Amino acid sequence: MLEQYGFIAILALIAAVFPFVGLAVAWLLRPKRPNPLKNSIYECGIETIGETWVQFRAQYYLFALVFVIFDIEAIFLFPFAVAFNQLTLFAVFEAILFVLILAVGLIYAWRKGALEWQ
Amino acid sequence: MSLLFLVLALLTLVMAIGTVTARNLFHAALFLVGAFFGVATIYVLLEAEFLAVSQVIIYIGAIATLIVFAIMLSRSMMGREAGGYNRYWVAAAVGVAALWSLLALLLTTVSFPVVDQPVPADAIVQIGAGLIGPYLIPFEVVSVLLVVALMGAVMIARERHRQR
Amino acid sequence: MDWSQIDLRTVGVLWNQALQNAGIAPPLLTVINWVVAAVVLLFVGLNMVIGLIWLERKIAARIQDRLGPNRVGPFGLLQTVADALKLLTKEDVTPTDADRITYNLAPALAVFHVLMTLAVIPFADGVIGADLNVGVLYIVAFGSVGSMAALMAGWASNNKYALVGGFRVVAQLLSYEIPLVFAMMIPVLAAGTMRMNGLAEAQGQFGGLGWYVWVMPCAFFIFLAATLAEGERAPFDLLEAESEIVAGFNIEYSGMKFAWFFLAFFLNSWVLSAIGTTLFLGGWQGPFVDRIPALGVVYFFAKTMVMFWVLAWIRATFPRLRIDQMMDFCWKFLVPLALVLLVGTAIILKLGLPSPFDGLALLVWNLALLIGGFWLLGKAQQRAVYASKRAFTPQLPRL
């Protein structure tokens, strides 16, 4: 099994170095004539007002939270899916119970309006 | 193999130190991602591949993103530079020292069951069968826990929403 | 000539023998093989992108009654090469106050995560970089690394459009990862393995009718919709909604760094098509593939191109959704549909029906869900339209 990850490690090394090689080649070839106006940020010609790192709405955080819950659920269900052929019908119902409890959570979030993007 | 472990562990450690020393919160979050990735590679080295991918999916894909969203949510923390210390640092240092000694004590005194056999080829099948079989109650409790976490999150976020 | 001898693995054996005869020790040989395989994989992946960009532009042009690229080279084939050279020699503008290290790291990470997913794609039986036991989850894992790249690019550019674009695209990628993961779980359920090659192998029955797309069209539909969103393609291309946020998280990127994002985007589309091919379209399965394994490569690329063509077709025809519509479609339609589908599929597969009937039962269940789901969606849409009409009914002047 570790042999497979040896290949992954080699691929990771090459795939990590390769983009920087491209950037280095571009760095050698390209012209470099910066000026303050060119380096100003592009906001459709309008000058930036205030700081860039503005405060974001709680909406993003809420969706990320709901996502975390379902991501963990999916991770728990994958070993079940792989072992599926060896399980009895009763065991399958136990896994379905797991899904249903989380479905209750989804319905709760839905009813409370947590899934509305405002 | 142990050389590989040392390199990976060192990388993880450097990332972890970066997390706590970075002056910029976003950089701290990125260092944290690096540390998570380092832990995942160590899991691979232990041939625990399912744990490794779970680590990447949950900690890098979900938790790290959640942390970044949380940083963006709290404007007061979003100044480009944030101090590394506040007035509770003594208490934090004591807590960390206590936790560290407890963990060190546990690791050195508890004798963990060791099986000197290779990792079975169908390890994931065994995990799945184990979750539905002998560990059924914890498995179902996890789902209840997740739902409770979801409900709590919805409640807190709605409170915040109403205040604004 | 014995055609069964033409096998990519035979080539591998010959190559190994040649190297061993040259006096190279086995451990070193393995490492050499890994390096060669990795370089070949990257070379194929990167060169394919040049063709893919041309292909997508051509398809979109023909669908929209235009000509598309036709000046550089025959049929405009060299247009992408010219574009790549232009981007390579273009001045690179880094905005002042950008977070330099993060800013430069983001495009590299975007390319890195797509290249890594190439490792688990089975091009033919056994022709796979690493047939991991957790193949499907490995793809999901590196997909989540991709959303980190978007987040870093958006944050580091010191531009509000980039920041909003980055956050939006991350919210989109996160949300659609849920239906994607559940849609991927259903073939895993049927095949009983997460190995990508094993999933392709499991679809070899009934001479092509064993492909999962025939027995579980609903899962394939969920997968396709989630793929469009994960690939950041229309109708889910909110990251580049020009009318709202100019160009999304990569607005401040120019030259080679922009080229990397562009490459990652197209390669990601192809990789997602390849994953769809492996999970639902039978991978390298096809007629005579058991006798001539090398044909698997042809079938695999043909099917992947069909899938890519469908993605390009959708991109060229559909208008863009609004962000709230997109989120609603994911959380209120795809996720519940995927959960119901998963539960039903698990029960049907466990009933122990004899061989062709379990497939038929699955097909009926999938079709019922698809039709029922769309009926409900239509009803909800109608209600929303009526509600908005009532809200805007003009008051008639009293006479």
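A, B and C label the chains in the order they appear, each numbered from 1.
Methods note: a residue touches a chain if its C-beta (ideal position, glycine included) is under 8 Å from a C-beta of that chain, and two chains touch if they have at least 3 such contacts.
A quick note: this is a predicted structure, and the numbers were derived from the prediction, not measured.
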| item | value |
| --- | --- |
| Identifier of the chain whose CA centre is least distant from the whole-structure CA centre | A |
| Selected interface, B-C versus A-C, where C-beta contact pairs are more numerous | A-C |
| Whole-Å gap between the CA centroids of chain A and chain C | 14 |
| Where chain B and chain C are represented by their mean Cα positions, the distance between them in whole Å | 28 |
| Junction residues of chain A, two or more chains touched | 1, 5, 53-54, 56, 60, 64, 66-67, 71, 75, 78, 81-84, 87, 95, 102 |
| Residue list for chain B, restricted to those that touch at least two other chains | 49-50, 54, 57, 61-62, 65, 69, 72, 121, 124 |
| Contacts with 2+ other chains: residues of chain C | 132-133, 137, 155, 167, 174, 177, 194 |
| Residues of chain C that touch chain B when the two form their complex | 99, 102, 132-134, 137-138, 140-145, 147-148, 151-152, 155, 167, 170, 174, 177, 194 |
| Sites on chain C touched by chain A in the complex | 30-31, 34-35, 37-39, 41-42, 87-97, 104, 107-108, 111-112, 115-116, 118-119, 129-133, 136-137, 155, 157-161, 163, 167, 171, 174-175, 177-178, 181-182, 185, 188-189, 192-194, 246, 251-252, 255-257, 259-260, 323-324, 327-328, 331-332, 335-336, 339, 342-343, 346-347, 349-351 |
| Footprint of chain A on chain B - complex, ascending | 44-45, 47, 49-50, 54, 57-58, 61-63, 65-66, 69-70, 72-75, 78, 80, 119, 121, 124-129, 131-133, 136, 139-140, 142-144, 146-147, 149-151, 153-155, 157-158, 160-161, 164 |
| Chain B partner contacts - residues on chain A that touch it in the complex | 1-2, 5, 53-58, 60-62, 64-69, 71-73, 75-76, 78-84, 86-87, 91, 94-95, 97-98, 101-102, 104-105, 108-109, 112-114 |
| Chain C partner contacts - residues on chain A that touch it in the complex | 1, 3-8, 10-12, 14-16, 18-20, 22-23, 25-27, 29-34, 36, 38-44, 48, 52-54, 56, 60, 63-64, 66-67, 70-71, 74-75, 77-78, 81-85, 87-89, 92, 95-96, 99-100, 102-103, 106, 110, 115-118 |
